[in-house]
Amino acid sequence: MTDDVKDANRIDSVELFLAHALTLENEAADGYQEIGDSMAVHNNPEVAGLFLQMCKYGRMHADEVRELATGLDLPHIPPWEYSWEDGESPESASMDKMHYMMQPAQALALAMKAERQAHAFYAGVAASTANPRVRELAQQFAAEESEHVRLLGEWIAKYPPADDNWDYDPDPPAMPE
Amino acid sequence: MSGDTVSIAISGAGGAGVMTAAQMLLDAAAKAGFYGLMARSSGPQIRGGEVAAFLRLGSRPVECLDDRFDVMVALDWLNVERFAGEIVLDGASVVLCDADAGEAPERIRASGAQLVPLPLQETVKNLPGGRMNMLGLGLLTGLTGLPEDVVGGVVAKGLKKRGQEVLDAGLAGVRAGMALVAASEVPACRLGSSPPAVAPRWNISGNEAAGLGCIRGGIRFVAAYPITPATEILEWLAPSLEKVGGVLVQAEDELASINMIIGGSFGGTPALTATSGPGLALMMESIGLAVASETPIVVIDVMRGGPSTGIPTKSEQSDLNIALYGLHGDAPHIVTAARSIADCQFTAQWSVHLAEQLQVPVIVLTDQSLGQSRAIVDRPADLAFIGRREMPVAGVTGYQRYALTASGVSPMAIPGIPGGEYIADGLEHAVSGRPSSGNEDHSAQLDKRARKLELFDYGDHWADVEGDGPLAIVTLGSCSGPVREACARAKALGIATRLISLRLLAPAQEDRFAKALEGADRVLVVEQTHSKQFYRYLRAHYDLPRDLKVLSRPGPLPIRPGEVFDCIKAWS
Amino acid sequence: MSGDTVSIAISGAGGAGVMTAAQMLLDAAAKAGFYGLMARSSGPQIRGGEVAAFLRLGSRPVECLDDRFDVMVALDWLNVERFAGEIVLDGASVVLCDADAGEAPERIRASGAQLVPLPLQETVKNLPGGRMNMLGLGLLTGLTGLPEDVVGGVVAKGLKKRGQEVLDAGLAGVRAGMALVAASEVPACRLGSSPPAVAPRWNISGNEAAGLGCIRGGIRFVAAYPITPATEILEWLAPSLEKVGGVLVQAEDELASINMIIGGSFGGTPALTATSGPGLALMMESIGLAVASETPIVVIDVMRGGPSTGIPTKSEQSDLNIALYGLHGDAPHIVTAARSIADCQFTAQWSVHLAEQLQVPVIVLTDQSLGQSRAIVDRPADLAFIGRREMPVAGVTGYQRYALTASGVSPMAIPGIPGGEYIADGLEHAVSGRPSSGNEDHSAQLDKRARKLELFDYGDHWADVEGDGPLAIVTLGSCSGPVREACARAKALGIATRLISLRLLAPAQEDRFAKALEGADRVLVVEQTHSKQFYRYLRAHYDLPRDLKVLSRPGPLPIRPGEVFDCIKAWS
Amino acid sequence: MTALAQTPALTAAAYKSDYRPVWCPGCGHYSVLSSLTKALAELGLQRENVAVISGIGCSSRIPAYTSVYGFHSVHGRALPVATGLKVARPDLTVVVAGGDGDGYSIGGNHFLHACRRNVDLTYLVMDNQVYGMTKGQASPTTPADWDRSKLTPHGTGVSPFHPLAVALAAGANFIARCYAGDPNGTARVITEAVRHPGFSMVQILSQCVTYQPSQKEWKTTVRKADVTTTRDAVRAARWLMADDGLSTGVLYIGHRPIYRPELQASCSVDDLESGFVV
Amino acid sequence: MTALAQTPALTAAAYKSDYRPVWCPGCGHYSVLSSLTKALAELGLQRENVAVISGIGCSSRIPAYTSVYGFHSVHGRALPVATGLKVARPDLTVVVAGGDGDGYSIGGNHFLHACRRNVDLTYLVMDNQVYGMTKGQASPTTPADWDRSKLTPHGTGVSPFHPLAVALAAGANFIARCYAGDPNGTARVITEAVRHPGFSMVQILSQCVTYQPSQKEWKTTVRKADVTTTRDAVRAARWLMADDGLSTGVLYIGHRPIYRPELQASCSVDDLESGFVV
């Protein structure tokens, strides 16, 4: 959902591109952090660990982008005016898919989806930009994202798929207030 | 094991099925002829939070948790420190835990309990569809010596709607748990022999018992707004009322619910609401209206930790003050308190009877620890209390709604009775109901409203008085269980006590109390509040011996029998 | 005439101008150097109802009405029986009435008072634009001997905005009234000589005094919902606050008003609401929020007859229970009571100071008889009480809103202070303010909230203690005036008493009370409730001698000094 | 013609008590009392089968002046009292009456939810745009610039509440406005409102001669609405949002389901126990 | 462009506390928190000058998860607490947040009067059509046939509450609907709402995964409104009465005066005494 349908993905300045990349990585990390914390609060340490790990990677990437941006004056863009495909930054694993009993394979599948979207975003920019430097950076980032996708694939393979009853909780919910 | 009971704690993260396992264990114990009690505690999360179930099983009725636990089954260690204060362990306790779950938390290790790591996760993984809680149930089946077939029957009943596969896995889990115990060195914790069940037994929570008591007393109209820990009363009442021709309305707030029941009762239908502290506070103005207009209503207050939003999931008795004194003006009303889970039924039913008989609001106090715990109890005897309102006959002439009778109770017309037309009023009024600010009318109506409560014969139900020792222990509500048990322990040591557990808090029963206290030279007051509310109330209304002590503590931890017993012993 | 005062009742139907005449008489007496008190009573009609004004004038401060009236001026007999209980007449009383108004009502005739029919209507008819009330004012000017020019000045001030014609008619009426008296045989009822006014005097009502005390204490935000008899506080405050940079918001109901002031106070502005019983009842839940979140607020409850809507226009002290105990949970707060019209200012100002100092809600009790009566008093001394909240400094690090301090008072950040950001909470919380249902946090916070009230030094303001006789009379609020006067009468007879009039009701001051009672072997409790609420409260908290009597009566009739005096005499 | 075919059993006067109102002479509430009793007569109801429920205020004194059953409850709570009564006793005719302060200020939440819940009640709001009983403070319907109360010396500064627009948005199904100066017209609307199944909202402009003397002008400014009753909520909304508050008539009748739980027993109390047996 | 010209001083993350939410994973309230903090960052507000006020409910836990000032008050009373704060401290930015139960059920009266009074507050109602905190009972916005609560085993039988239509009728001047599944869009609306002077009503569809799992469908059913923001109340009323509750956007902006009393002293406290001197 976006308010203004833009010429999606068309980014022609390095500053604008890095601003997008920085936000993408930051929001990815923030999102993973939030989900990881939430899983920890809900006594799902294994999945919490996975997301917090993802968060760490996200923070690293953000640092990398920040480094690339040193010396440049990145524009401020309000969250709703980024050139994201659907209004939300592509690598955010959305909280609404989460479940307190979710199993690692499911968590990683969600992360995979986010990484794929990030890849698609960078690849899209690379394909559409008129600025060669932007294209170069976008291609580089897209390559990194495909590497993440590959790594995640390997990671997923290590976990059994969730069983049919994975979300079965025999107990009633609590009523804290 | 305290005498003839076994105390068990089960803990684990949400999703592990702690509550289900605990309930099945309670059911199985009941089927096998034992009595029991089950309470619970949980974290602030709605789902997935850490949960602990506390059970006490035995061959005699159980009215409270014990001081300590014989057995703890920890399905995992996640956030289990939350329950540190509640799961009291000692050198004689056994803790069964998962060998792969890492080190036990510091406080558990420091307790001196014997830690028995078992391959729980591993066992479950090897059972197709296996679940930790069924394994835990199996462990406890093995430890307590409950018959496998009884446990199996309960499991079958609980899981059958989920299909044969799940059921088989459940049963396999139970067997695997029993096998783990059999193969280990864990000291058994057997439940003696089960007493023959003379009468049918019930498995009931305090909230359900209160609901049943109300319907038995005649309640057919309920309006309420959900609030923890009273909601289960409403959850039980909504479908049950429907079956017996009554109705529950979910109101927009507590102001609406209290006034709706006043309207329903004005229409002649015995009416009730249930709430907890914050909701009760919102109702006070209109409870005053029921006093002034002499409209019978019953308000159940399931007390929780206060003040303000406080601790919604934990028990306390600190709404005593507001229940007794929270109305503006001189507003005599009745306050009762249920003494045990089963007594929630008795007290609720009696309260409906009193409300209807005396055309007055009755506030029934129970608390979270009664309301949200379950017990196996003997089916209560049938009670004769039914709400019966005195009414004028149809076609009455010169009817005066607030006539000054000797008893203070004036016949109350209900709409539909020709000749009875009157206007109920919260303004001070003359006998006719017409507003009056006159001195004589005000005095006469204040007198009559006080008189009807004073003259009524509440019989022996005002309190449970047990024993005749020189040390009287005066208590109320959910403290009665621990006090009774402490008295029994004292008796075993040859210390004679007497227990006075009040069911009727207001109006005060000066003569009866004095009589109950005759020959006692010392009083110990036991209550669960911070500011000694019950003690202050007793002082205000009763003559107490100079030699007096108060054991008063706020929630969230329940008063334990041992604490009371220590007080008794130290004073003997 | 009781000693040095003159008591006057003026009655008549609405439209006759009874209240205007009475107010002018009070003003004139004040201008002439006398003290005085004026109360009123009226029928249930909004307009045109029967009205009576009760005045007591004298050369010393007057704190209550007398037992009886020296003079009654009846402008007509319409519905005057309504006031039968209030206008006590005897053989020494004089009743001036209209010769053409028909026979006096039975109760007046039976009183033995001397009836003096005068041609009132006739005289008025013959005065162009003449009005009964100005004639009545003239009668009383003549009887009391107040200087004509002073009365004329007051009339001129009151009527000048209505034009010269009306003013002339008014003055003519006064003169005609004086002439009627002069020509009659009526025994005079002179007001002795007026004492030299050392300090400036005020003509103020209890409700205005309370408002002024609040503003002096620092209140700058008020939210309220109108209710009798508290509305005049708001009517005075709305324009006054505006002048000093504050504001009054008329809220949609009492739930809104109490929560608005909590919000205002959270923002750092000392905040207040004023109400009466029904409104107070609606506020209880949120007063509990102020307790738990430690938000200072002041709630003035101008008590009226209860329960429920009760008798809105009459006085009673029966909201004592709800003020003391009406909060759910253990919710320590402060309750104060104003002892006289002038003391409404002191008590209100002190209460603001306490609320701010201790970050706690303070309920200030006054009542209809204080709030809606006016008195001529010496200008009160300036008080040093100003609300001052302890606050953290800007840029504070590691700020903990509910830190456990020795005093129990924790510095309170207000929005705008960087580093002080916190979430105020009504859920039980840790020192940081984060929700916690833990045993340690609950106990620690309950302790701190109780401790801050217990450790504070309330100084001598907790009560007025006068005399040191063996018979102590313990009282509160508007009963203090009659009790003090009764003590004076007893003293005149050589009976030594001591008066203990409590200004601070909660928290209880055990030591101070015990000290005040030292050497007293008997206690008489005086209060205006039906169920002896004050006596029960005293019993609950203080050690009282066995030899104890209670003079307790509900409204609407005020406790008279004579009643108290009779009790004292009978017991001496 | 919505009237009864045969002559009513009781006259309007028979629905009045012999207790004389304390209202100021000239107060609009007298006319409302008269309209109500005329409507009850027209409806041919037995006194014992009618209840009039009110809160607190001058207007809320009305039950005492009738000879039916009634409840003069507390300020703002007439609607829940009436709701409880009607749900528990669906056989009765329940009329709720009160003021604008009682109904829209302190009672606003119950007003919202009564419109939505749609229990078969008839709600008469005797709207005089002021708190009469407590000496004339601004009520929700008071004009923003009315500065005659000491509590709001420069006016309320707040746009007045539009009760009928809110009632519609909240889901009310029978929405009408009447004027106390037209007691027969009002009687007719009350009669229709009582006959309408579900919640009926009737705003009655009822002058307060004491605190809102300018309401005497209503005699000339109030007029019949220039629309006929609509059954289309969207049209009603459009119309009400533009309305000046002075046009009378039945403005909207909707068709949302009414709330009326069955009170039919299907088992005995003893049967309820079975759920607990071990 | 409604955005700040320069880069905000604080990031969105800086408006979050380090206290981890107890909300169920998947709960829409997480997104609302994120939208709110993004909006605060975008508005460039200092933490100490912002206050988030709530009542009780899952949603009402939100203040604790921010790093600004806040008040987690009692059930249903967030709006009056916030009103008092803002009137006393007009310099602060005050955001009110809570649930549909808190706001439309127990808090309904304050909702009505906040719309009418028009104090400069931004009200975020995290509407999940259920009482999450108390185990899933029907709230005012719950569909009439929702039968998953034991308190209403056959559904509520009551038509759901239409908060925006009521807000409009009650006088609200900024009316918007958002969806938690669109956090950036929601952040934008919150930013506009805070900038709008006077009371701003923002309904946020925020799924309760535990008690209203079918709200997952909102992902596909919620859509942008097919109208642009109107400034005409009559048009807005017509549109809202026909609306199905699933379209998002800023739907109405009005121009009624805001309520903001001056807090300027014109005399000293001592001067007040003069009125009493004899």
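The first chain written gets the first letter, and so on, giving A, B, C, D and E; residue counts start at 1 in each chain.
Here is the rule we use: contacts are C-beta pairs under 8 Å (C-beta built on N, C-alpha and C of every residue); 3 or more make two chains touch, one makes a residue touch a chain.
In this text, all values refer to a predicted model and were calculated from it rather than measured experimentally.
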{"item": "Chain labels contacting chain C and also chain D", "value": "B, E"}
{"item": "Pair with more cross-chain C-beta pairs in contact, given A-E and A-B", "value": "A-E"}
{"item": "Label of the chain whose CA centroid is most distant from the centroid of chain A", "value": "C"}
{"item": "Centre distance in Å when chain C and chain E are each reduced to the mean of their C-alpha atoms", "value": "42"}
{"item": "Averaged-CA centre spacing for the pair chain E and chain B, given as whole angstrom", "value": "38"}
{"item": "Junction residues of chain B - those touching two or more other chains", "value": "43-49, 228, 231, 242, 252-253, 255, 278, 285, 288-289, 293, 308-309, 312-313, 425-427, 435"}
{"item": "Set of chain A residues in contact with two or more other chains", "value": "41-42, 100, 172-173, 175-177"}
{"item": "Interface hub residues of chain D, defined as touching at least two other chains", "value": "56, 74, 76, 105-106, 108-109, 112-113, 140, 261"}
{"item": "Chain-chain contacts as defined at top", "value": "A-B, A-E, B-C, B-D, B-E, C-D, C-E, D-E"}
{"item": "Complex interface listing, chain D residues touching chain B", "value": "19, 46-51, 53, 56, 63-64, 67-74, 76-77, 79-89, 91-92, 109-110, 112-113, 261, 263-269, 271-273, 276-278"}
{"item": "Contact footprint of chain A on chain B as seen in their complex", "value": "13-15, 17-20, 42-51, 76, 78-79, 129, 131, 133, 166, 228-229, 231, 309, 312-313"}
{"item": "Residue ranges of chain E touching chain D (in the complex, touch as defined)", "value": "104-109, 112-113, 116-118, 140, 144, 157-159, 161-162, 165-166, 168-171, 233-234, 236-238, 240-242, 256-257, 259, 261"}
{"item": "Chain D contact footprint on chain C (complex, rising order)", "value": "43-49, 224-228, 231, 234-236, 238-239, 242, 248, 250, 252-254, 278, 308-309"}
{"item": "Residue ranges of chain E touching chain B (in the complex, touch as defined)", "value": "22-25, 56, 58, 74-76, 105-106, 108, 131-135, 137-138, 140, 150-153, 156, 210"}
